[in-house]
Each structure stands twice: as C-alpha cells, then as structure tokens.
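In the two assemblies presented below, chain A is common to both, partnered first by chain B and then by chain C.
The block that comes next holds the complex of A and B.
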C-alpha cells in the first residue's frame, strides 16, 4: 500500500509542484515512494514562494529523515530556523538524532557549523563529535568540523590530549595524527623547541610500537620539516630500526635487523642529503628488491634523480 | 623532448590552429588524416614499440598466463609486517585476505565488458528502485557516471536516442535565474551538480542545448560563491573545499569563461591545502586525501600551464612520496589516505594524479612511471569486477555507478600515457586543460590484453578524450565571433 506523506499540519492550500525529470523519457529517473514524492512536491511549492512557517520546518525534518543527503532541504531548514527564531540548542539536539541514525551523512556537519556559529556556544560539540568518532574514528567530515570548531572557539587546549587518546586506541589512525599536527602547528604561533622535542619523542615511541606505521613516520618527518630541523637528527633512531652497516661507499644489510622499511627510506634520504649517493642508492635498491618492491619504480626514480643531481653539480 | 616516436591516434593534429582531441564519434570533417576513432589496432601496426596483442582464448576468463614476475605484479605479501594489532590493521588484514583470494598468480581475468555495459545502461532503460532516493540530490551524477563509463568502455552504445535524452534530463536541474544547476529538479544551485551536468552535456554533443546555457548568469553565480580567500563554496551557504574549486574551474573551462577575476587567489588557496604528509586535504589543515589531491592537481592544470603551476604551488617531492605510498602490496590498488584501505575509485583519483604529474612534469620514458601499473590492472581486473556487472570498491562490496565510472577511468589511465603539450600559438587562459595528448602504454610497463582496452580520457576533466575539447571550442568560437 502506498504511503502518503503524513503531517501534523494541513497542506490543503498548497498545490504541490510535481517532480520534472526532463522530457518524455528522462535518464536515471527514480521510482520514489509516495510519501517522498508528495513531500518533495510540497517542498518545491513552499520554496517557490519562500514560505516561512512551522509546517515548512516540519517538512524539512521529515524530508531529512527520508533523504539526509538532500542539501537543499538543509539550507532551507537553516533559513527557517533563523527566521522563526527557533531555539538553537533544541536544533542541535535534533541534529544529534539525525547523526546517530545516519552516521555517514555529511550534510549535517555543514548545517551544524552554520547553527553553532550563530548560537555562539560550543558546549555540546566536543561530546557529540567524540560520540561520532567512536562510530567511525576516521570520519573525514567530523575531523574537519572539529578543526573548524577549535579555531572558531579557540579550543586548542584540549586537543593534544584528545589525539593522544585516539592514537592510543589505534596508533594507525591517520586522522588523529593529522589532527595532532593541527593541534601543534595550526594556531600559527611559534612552537618552542621543547614542544618540538616532545613531539619527536612522541612520534618515535609510537614508531617503536609499530615500526612500519606510515602515519607516525609522516608525522615525525612533518614535525622536523615544519621546525626546520634536519632529518639527519633521527639517523640513529633509524639505524636502530634498519641496522645497516655502512662503509664509506656502500650499505650492507643484516637482513634480520630491518624492522622498518620506512627507516631504511629515511636513511636513504639522509645519505642523499649528505651527497653520499652510493650509500643512498644501495638503500633504495634494497627497498626496490626486498623491503618495498611494489614501489620499485619510485625507488629507481629516486636513485636516478640523485645520480643526475650529482652529475650536474660535479 | 619526447623520445617516443609514436604519437596519439586520438588527436587531430594537422590543419586547425586549435588542434583538439577528436571525439570518438566525431562527425566533423577534419583536415587531418591522422584523425581516427578509438582504433587501437592501427596503433600496433604503425610502431614497433607499441603493444603486441596477447593471444587469448575467448572461452577462458584467463587473459594472460604468465608468472607474476613476467607480468610485473607483486602478489606476495610484504616481507616486513608489524605484529601490533589495532582496528586499522585488522581491517587491512581482512582486505588482504579478500583480495588474495581473488588474485591468482599468472592469471588475469578479462574485463567483462558486456556485463558492465549492461549494468551501466540501467539508468537509461529503467526506473531506479526506491533505495536510490538517497541519491536524489545527485541526479546529475547518476547521469554523468554511467555516460563517462560507457563513453570509454563502449562508446557505440551511446546511441543517438540516449544522447538526445541527456539535454532534457540535465536541463530539468537548471535554475534559470542563476544559470547553474542543482542536484535535481527544484534543488538549489550546487557546484558539484553543475560540474556533472556540464560534463554530461559535453557528452551529449548537442549544440542546441549548449546554446541554451546562460554563461553570463553562471559566471555571476560562480563569483557569488567565491570566497575572499580564493576558494569556492559548494553552494550559497555551503562548505568550502577543493572539490568546489575543481568543479568551479572545470565548469568555467568548458564554457570558456575563465577570467583573472574568477581565478584570483585560487592557486594560493590550493597550495594551503597541501599537508605535512605531502598529499592534499579538502581544505587547509584537513587530512591528505586522494580525491582532494586529484581536485587540486586538476585545478592547477586549469589555472595555468601545469608545467609551471604544479611546482610553483606544491611541494612536488613530498607529493610524489605520499602518492607512491598509496599503492598497496599485495592488493595492487590505491588507498585514499594513509593507513586506509584500498578502494577501486582511487584507481582514478590517485591514478589521475599520476597521469597529470607524469604528463606535466616528466618526459616520457619508462623509468618515469613511478608506480606499478601492472599491479593496479591486477587489482581492477581481479578484485573490482562485480560478478553481477559493474565495478566496485573492493571484494565484498556491491557495484555502483560511481565506482564503475572511476574504476574504468583508472583502467584507462593504466592503459594510456598522457602528456601535456603546449599548444602554440594561441595558448591562453581557459585553454590549458585542453592541451593533453595520449598514447598507448608500453608493453614493458604493463601487458594489456586487446580485449580489455578502454578509450582514452581527458585527465583534467574526466571525460572521454575529445569530448570536453569540442564543447570548449564551441564556446570559444562564439566568443571569437563576438570579439
């Protein structure tokens, strides 16, 4: 039996505007259910004369539960909320319900940003964000909303500890690492050398738990670069994870000692930065042949780049 | 500069100053004798360096019987694996298990062309079931994705009847006062919708519909959602991200309405989206992500000469490093972010980054392919083909139009080598993204079965080669007359 659109309000005075898919035989038509068809018919009608009313607001709520990706409904809803001077806290609570029901939906985050910005009160935000990240700890839109929030309300103080907890849960959660970088450098202030040292230690101890973990390596290299400190600073650390014996011109590898291909890669970078191209080339060859063979072409490219650079400067 | 002898057969080169990709079903009378449709076989005859056809038995799903080594693929698991178990590693192990179950040494399945074409024709033949309601605000994409996929998989299946239905279907999404498009009839103007609509109209090749686009209004609307920091919002009151930038610029390029005013500060804004990892996030501070990386690179290719723009606004070394880590062994596919899982759609988003970088920054030698095309081909053919038709994210997922579009576009990137060729004279703003040529990939990079060939694409616009060029030329010609 077809479901009619049910509403607390009367719609008798509104002539719905039917969906026009274009032409006699449109591409990609959807066989909508009747309630959705009716509700979107009313939506097109009330939007056409920009109706501001309680029933329009109710319509947006009903439509969002039928199709939360309908961005037009969200923008109309935000306009209605402000025009009707609705309680914004109540709206935030309602959005939380939507979020729980549709955790993958991302329109809610832009909507929430609009509402919270106007409401000028972030008190509900961190708990809700945390709840959503528990469902999906790498949800891109949630993390990016959190960044907006931190900037907007100057909430930097909590962030390092939060990323620490998330990284503790899963040391490979790259979103948490990215957020940590934001927490340290995002404010744009000068970062003291002691904080840099702390972050280097933090990344190194994370690497020791899982030496192949690209998230921690990228963070470590990112911190060094941002602090304008040389990569050679971590040479010893890398040596412990990729115990290569080097002579003046070459690298010998005790194969049992390589616990991190990333460490070997960084060593190659360090040798290269010192123009020890023979040694760097050996390391890249090892990566290509044994420790990271799917990137063989990349390692060969690094090698030929270094050789060309040396030839050009010689 | 280019060491390879053989040039593209897809591109009309002689005669007109504005040499463009010829569209596969072009009816225009070109003066060029080298104009051809998607004739891959004529390629093989002309040059000894191009691919030799691999003999196949049509009755078997095995196209290439070679060892993994001969085939250049890496089916073995990596030699060093961490023992610490976390949520990420558990998910990763499961994907490796699913993929290795489908990857068999020495066997590469054929592309199930008919099955996929049948799947892709569903939106042209049937009403989509009610569970598609969630995509009701993505109507233009539901039209564009299958058209792009069929446009390279089976262009002949895009019959006159289908092409003639694109115009009305797309124009139903138009908001006349703004000249821009929404995600469906009666929905507010949106950049992603506008991009998908214009791409679909390009494929329609219908000049009557093209002349109905009000470019002045669309330009004003684009300016209205441009932000002071150089970025764009998706719609009035919408989110600002690099996808919006790409959709705005690609749309403006097709319509030949790029101006210095429209693009002021945009390259600088894109530059701010590159993260410490080397990849590019959706907005400044956001995590590096393959989809946004493509949008950023493609945008730079529209903003100016990519040979200059890319190194000027991005740290290329760091970007290359991050991109190269996107490919996983033994799956062979790309992931979109660090420590996330491989997913078929990144065959295009990450593969497209490679095609742009290789085409714009490197000459054309085998060494300058920095990743493994053979492994991506393996992932696509073994893991991304749904037995029910259509292509998918990964084993265990169902196929959909989005993944079909970007997995097949990724397969096209495997099979072709793109290059940016500065078109002189007359190169100018608004034309940069239409100066790409391509040729078949060399067999010593990747062995491709003739039966699996798909057509070339414009790597900036993600349209079958020649299609966007033709639409741009239509408007450029109008503007030349007006001037």
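The block that comes next holds the complex of A and C.
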C-alpha cells in the first residue's frame, strides 16, 4: 500500500484510481516512487470528472515537480488556473521555479505560452528567457519561445542588438545566429539592401575571427541567398581565407596560409556555377584529400556530379 | 566490437523493469516499449516472420502474443481509433459530471499511436481490431490549419456525443514530430488506400508539404517550426513525413536543389569527437567551451583521418549517439537523382561513424548506448544507436563489404561485428522485414 499523499488539503473523500498496468507482466514498468504512485492515483480520480478546485491545482503542481514531462497534467493545470481565475503573474513566477529545476523540459514553454497569451503582458518574459539562456545558451525551447514572444508582442526592435551580444559571448552559438536571421527576415517585411550589406559585413568579420565557424558561414550564405545575391560576391573574401593560387584551369592553395576549408568549398561552388569544372574539381579534391577528409566521399561525389553534368552538356 | 548479446539482454531487462529515474518518461511509455521490441527485432532476437531467430534468444511466441495483447489492453482507446502513449494517462470514464464543459482527458496521442502500430507490426499483428477509418478521421482532427499536427485533441464529454466542434482543443507543441507520427500512422493503417476508395477523407497532404517547406532553415537543415534553428530531429521528421506521404518522391516535392542542401547540411554535421572533453563533461549543454569547436583548426592539426566522428544535431554542437540515427536516417531516405547507390548515407564516413558508436558511446559491459561517452546508457540512445548501426551495416553490405570501410586490418573485425544486424527501414524506423509485413497487410487491404 503506497504512502498517503501529503497535501495541505483533505483528500479523504477521494478514492484514488490505481494505474491499470495490464496485469501480471507489464511491459517496461517503471519502479515508481511511492509519492508519485499515490499522487497519480488521485490525479486520475480528479481528472475523471475534472474536479475544479484548489486542491486539484496543488496536486498538479506537486506532480509537475515529480514528472514535468507529464503532458495531460499541464493541460489540466492550465484549465484549472483559468476556471479558478488565478493570478497569472503568480503562475509565471511558479513556472520560473520549475524551469530552473528542469531546464530541458518541453512542456513548461508550451504552458508559459498559454499563460502569457492570456495574461497579455510580456514584462516578465525577457528577463526569464535571459536567465534560462545563461544556463544554456543553445536551449532550443527557450529560443523558440522567444520567437513566439517577439511575434506576439511585436518586440522586434531589440532583437538584433540582443544577438550581437550573444554572438559576442560565443561566436559559434548557432542558436544566436539563427535568431539573428529571424530578427532580420522573420517579420516578412522587405529587407533593404543596406541592411543586407551590413549583415554580410557582420558575418564576414565574425568569420575572420573564427574562419572555420560553420554558423557564421551558413549565415553569410543564407543572407546572400535570401537577398537573391550571387555567391560570387564573396569570391575575393574566400580567396584570401583559402589562400588560393589559381591559373585558368587549376587551383591550388598555400598550405601555410589557408585558414578555412569552408572558404574553399564556397569557391568550388562559385567555379562550378561558372562551369569552371576543372577548378572546382581541384578544390573538391583538396577538400577530400587534405582539408576536410571526414567528408571525402561527399567531396568526391560533388566532383563526379559536376564532371558528369559537363559531359552531358558537351 | 558490437556487443550484440549484451544489448539484447539490456533491452530484455528494460522490458521487465525500469528504475525510477525513468519516471520522466512515464507518459510516453509506449516509446520505451517500441524501442525495446524493435531493438530486439534488429538484433535478431524475436521469433517472428520467416527468418532464423538467434539461438541465444529465450523469447517465445507466447511472449510475443503477450506483448501484443499488452499494447492493446493498456493503450488502445475504447473507440479503437487511437492509442494512448502510456497506461499512465488512462483515466476511467466517470458518470458523474461536475460542470458542462468537462473534458475527457483519456485521449489518443499521435506519437503513442505511431509507437503502438510499429510495435504491433513488428510483432506481426494484423491490426484487424482497429477502426482504421476512425483513426483517419481522428488524424484529420489533429491537423492544424497551417498543416502541422497536434499531439491529440481534447474534447468535452458533452460534445463527444453531439457535434459541437468549438469544444475541441488541440494539445501538444507545434513542431514536426507529431506530423511525422501522423504520416507514419496513415501509411501503416493504409489510410491512403481508404481515402482512394472514398471510405474516408484524407488528411491535407499539401498543407503538410507547405508546413515542412516553411520549416526549412537558411542553413539547409529543417527546423522544428518556421524560423527556428535547423535541427537533425526536425530534419528527420520532415524528410520522413515527405517520404511517407509522397510515395518516396521527395525530390519532386522539394526539388533537387533543396534536397541537395539538406544532404549537405546533414553531411556537414559529421564531426570528430573530442574524446577528452566529452569524457569530463556530464552534459553537452554545460561543457566548456560554450561551443563545440572541434572543426576549428583541422587545418593545423595534421592528419585526423583515424579519429571517430559522430553526428551533431545542430551546427557547432558536439556529436551525440541519437543524431547518428536522425542524420543517418535522413540520408538513408534522400535519393540522389541519377545515382546507382540507394539513398545517400554512403556519402558520410561510415567507418568513423561506426567507430564513434562502438568505441565511445557503446557500453560493452551492461549493453546499451549512452548519449555521449562516459555516461550511463538509456533506452532511447541505445535504440537509436543500434538503428544507426543497422543502416551502416546495410550500406557496408551493399558497397562491397567491410574491407572497403577500414583503414587498418585490426579494424576489420570491429566493423564486421555490426553485420549481423537486421536491415532497417529509415522512414519508419523498423526492420525492413517488419516493413515488408506492413506492405503485405496493405496489399491485402487494397484488394479487399
């Protein structure tokens, strides 16, 4: 017999409903701790007729601390909060406690969205998000929640500066780079060419600090593509980083000077787009054999694909 | 070496009892059951189908029958049109009603339904107990106007009998996971066949395609929702959904260029493991430095070709066992137009990937795989590690054998040790023999 559920409220009138685990030999049964087993028994009981009460609300809180991934309990809690007309600010403070204890949990962000949407006031949000990103600067749920918040309350104005700061802290934080892309393009407005120029400069100066940084390279190429500008625009930039020495039909690099395999990859794409397949093939061979051998198969495939295409058009 | 028998005992133990720290997976217990049963299938331990079962397996046909019954008795809703994700979320119907818009919390879950169906197919059930048309109607209710899917639909008890649609409330996060589960469910129950015969309406396929397109990130990966970060889990779910809904013709839906971008992004996520750093770190999120930067200066580091390399889930993150599957499965599904090779997993460094799993995250003593080196194995990472290796094994078999995948003779036995794994279908994440069985059911339904 599991222990009594310890609560400030009386539960004497409720008969807990035990879990039906399918008889003698259940599959993947979890050795629940007694308090969890007892509390879920009461949860099933009050959920079966959707009791709307303070004690039910307290029960959801207790259960969430035992298992924050319990999805129906969150839904029940949200409905209780609204039905009991609870102070939503208090709820947000409570959710912050849960968030600190379970930073990787999915459900709290979903719940917080429901509450903040109803509360219609974002004032606690940015500081809490900030705190959570200090714990884990790449927390996917937190960044997604921030995007929702920015759209819901039209908070676009501060976002670019925020990503400046996050990228300065860690130039390889891909989440921060992604958020920057959202801040520039996510609103759906036309983005002026001068903003595009600024973003290209921004990404290039970040690449100069860390020439192999995939996040900055992907951002740079993403901005060019989104603005429908040709990749050849950054050819000079790549020439320097890859330290290429080219002739009309061949490419080599200065082994002592090359700092970025990604620059060499971009050059290969640029040559290929101009049908300079000999040069592209050289660049891919260098990547396969020397500068990015983990992707040897891929670079060789790119090369053979270009050669086949050339043969087919000839 | 691949510790096949140790893994088999790890999963059998897990099916019998899990320690309390699995409590956070309580409401997704069918996922755990599916991982265990499907792993045992890939390891050749299940007495199902025509193939020879491992002589070391003590699993009997009676066990298989019991497991099948257990899934039905604990997780199928009385309406027979959806499964719960766990016995823990079952709430018995109460006749007493306190208020008018009282909600019925005992509802189906798209992920639970996918896990249940896969488990039942692996165990060679014929799904005749299900209301398949009803399940299709339920999937339609789960679909949102933007094309994405919810985990499920909560309904007030009063409206369940009547038809007041306003009392329906979709629940669950807005991301690509539930859409994938819905697409797999539709295929496994032959929902497309039912729709073609006008038995029931289909889900809105074009809305699904539109939603997935809107999730494609500027970096080439697929994000969990529009404008969020390209992520291997989102990429797998997006590509898997397209595969299951487009009769395998992903290139026609996305175009060759976009498929090429996804392949590139996936291949770029193969990264060397920083062995020393990983072993010290309890958790990738809290490891120092803040970002994973193993790729920062291979140019200065000299030859690195012998080191193991796994897959990361996002750019500049550390490799982790599960991404070997999310990325590997994505590549397995993406075809290259004009190529004679199946899929595109062969473009990755299979050897480095196998070495990452076998030498760093496998636990050869108690079985199972951990997320990163030096931590305890768990069921999810154990299953996905094995599923990833099963796809690697198939690529090795189809590309001339293990000799072509080693750099030193001593590695031959290690790489060859994964070859007893059964082949895996990347899109459904079950063995190809289980998928063939599902195809047999589908053709039976088609001719009914």
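General remarks:
Just so it is clear, the second predicted complex is superposed on the first by the 310 of 314 C-alpha atoms of A that agree within 3 Å, B and C clash if a C-alpha of one lies under 4 Å from a C-alpha of the other, contacts with A are read in each partner's own complex, and residues count from 1 in each chain.
FYI, a residue touches a chain if its C-beta (ideal position, glycine included) is under 8 Å from a C-beta of that chain, and two chains touch if they have at least 3 such contacts.
Keep in mind the model is a prediction, meaning the values are calculated, not measured.
Bringing the complexes onto one copy of chain A puts chain B in a clash with chain C. Look at A:209: by the touch rule set out above, it reaches chain B but stays clear of chain C. When both complexes are overlaid on chain A, the residue A:188 reaches neither chain B nor chain C.
Look at A:139: by the touch rule set out above, it reaches chain C but stays clear of chain B. When both complexes are overlaid on chain A, the residue A:259 reaches chain B and chain C alike. Shared interface residues of chain A (contacting chain B in one complex, chain C in the other): 17, 19-23, 25-33, 36, 40, 44, 47-48, 66-72, 75, 109-110, 137-138, 140, 143-144, 147, 169-175, 178, 181-182, 186, 210, 212-215, 218-219, 221-223, 225-226, 258-261, 291-298, 301. Per the touch definition, chain A reaches chain C in the complex via residues 17, 19-23, 25-33, 36, 40, 44, 47-52, 66-72, 75-76, 79, 103-104, 106, 109-110, 136-140, 143-144, 147, 169-175, 178, 181-182, 185-186, 210, 212-215, 218-219, 221-223, 225-226, 258-261, 291-298, 301, 308.
Of all residues in chain A, those touching chain B in their complex are 17, 19-33, 36, 40, 43-44, 47-48, 66-72, 75, 78, 109-110, 113-114, 137-138, 140, 143-144, 147, 169-175, 177-178, 181-182, 186, 209-215, 218-219, 221-223, 225-226, 258-261, 290-298, 300-301, 304. Of all residues in chain B, those touching chain A in their complex are 74, 78-82, 84, 86-89, 123-124, 127-130, 132-139, 142-143, 146, 162, 165-173, 182-188, 190, 234-239, 275-278, 281-283, 285-289, 320-322, 324-325, 327-329, 332, 337-340, 367-372, 375.
Contact residues on chain C toward chain A in their complex (touch as defined above): 14-20, 22-29, 32-33, 36, 66-67, 70-71, 73-74, 87-94, 96-99, 102-103, 105, 151, 154, 169, 171-173, 217-220, 223-225, 227-231, 264, 267-268, 270-272, 285-286, 289-293, 295-299, 303-305, 309, 314-317, 336, 338, 346-349, 352, 379.
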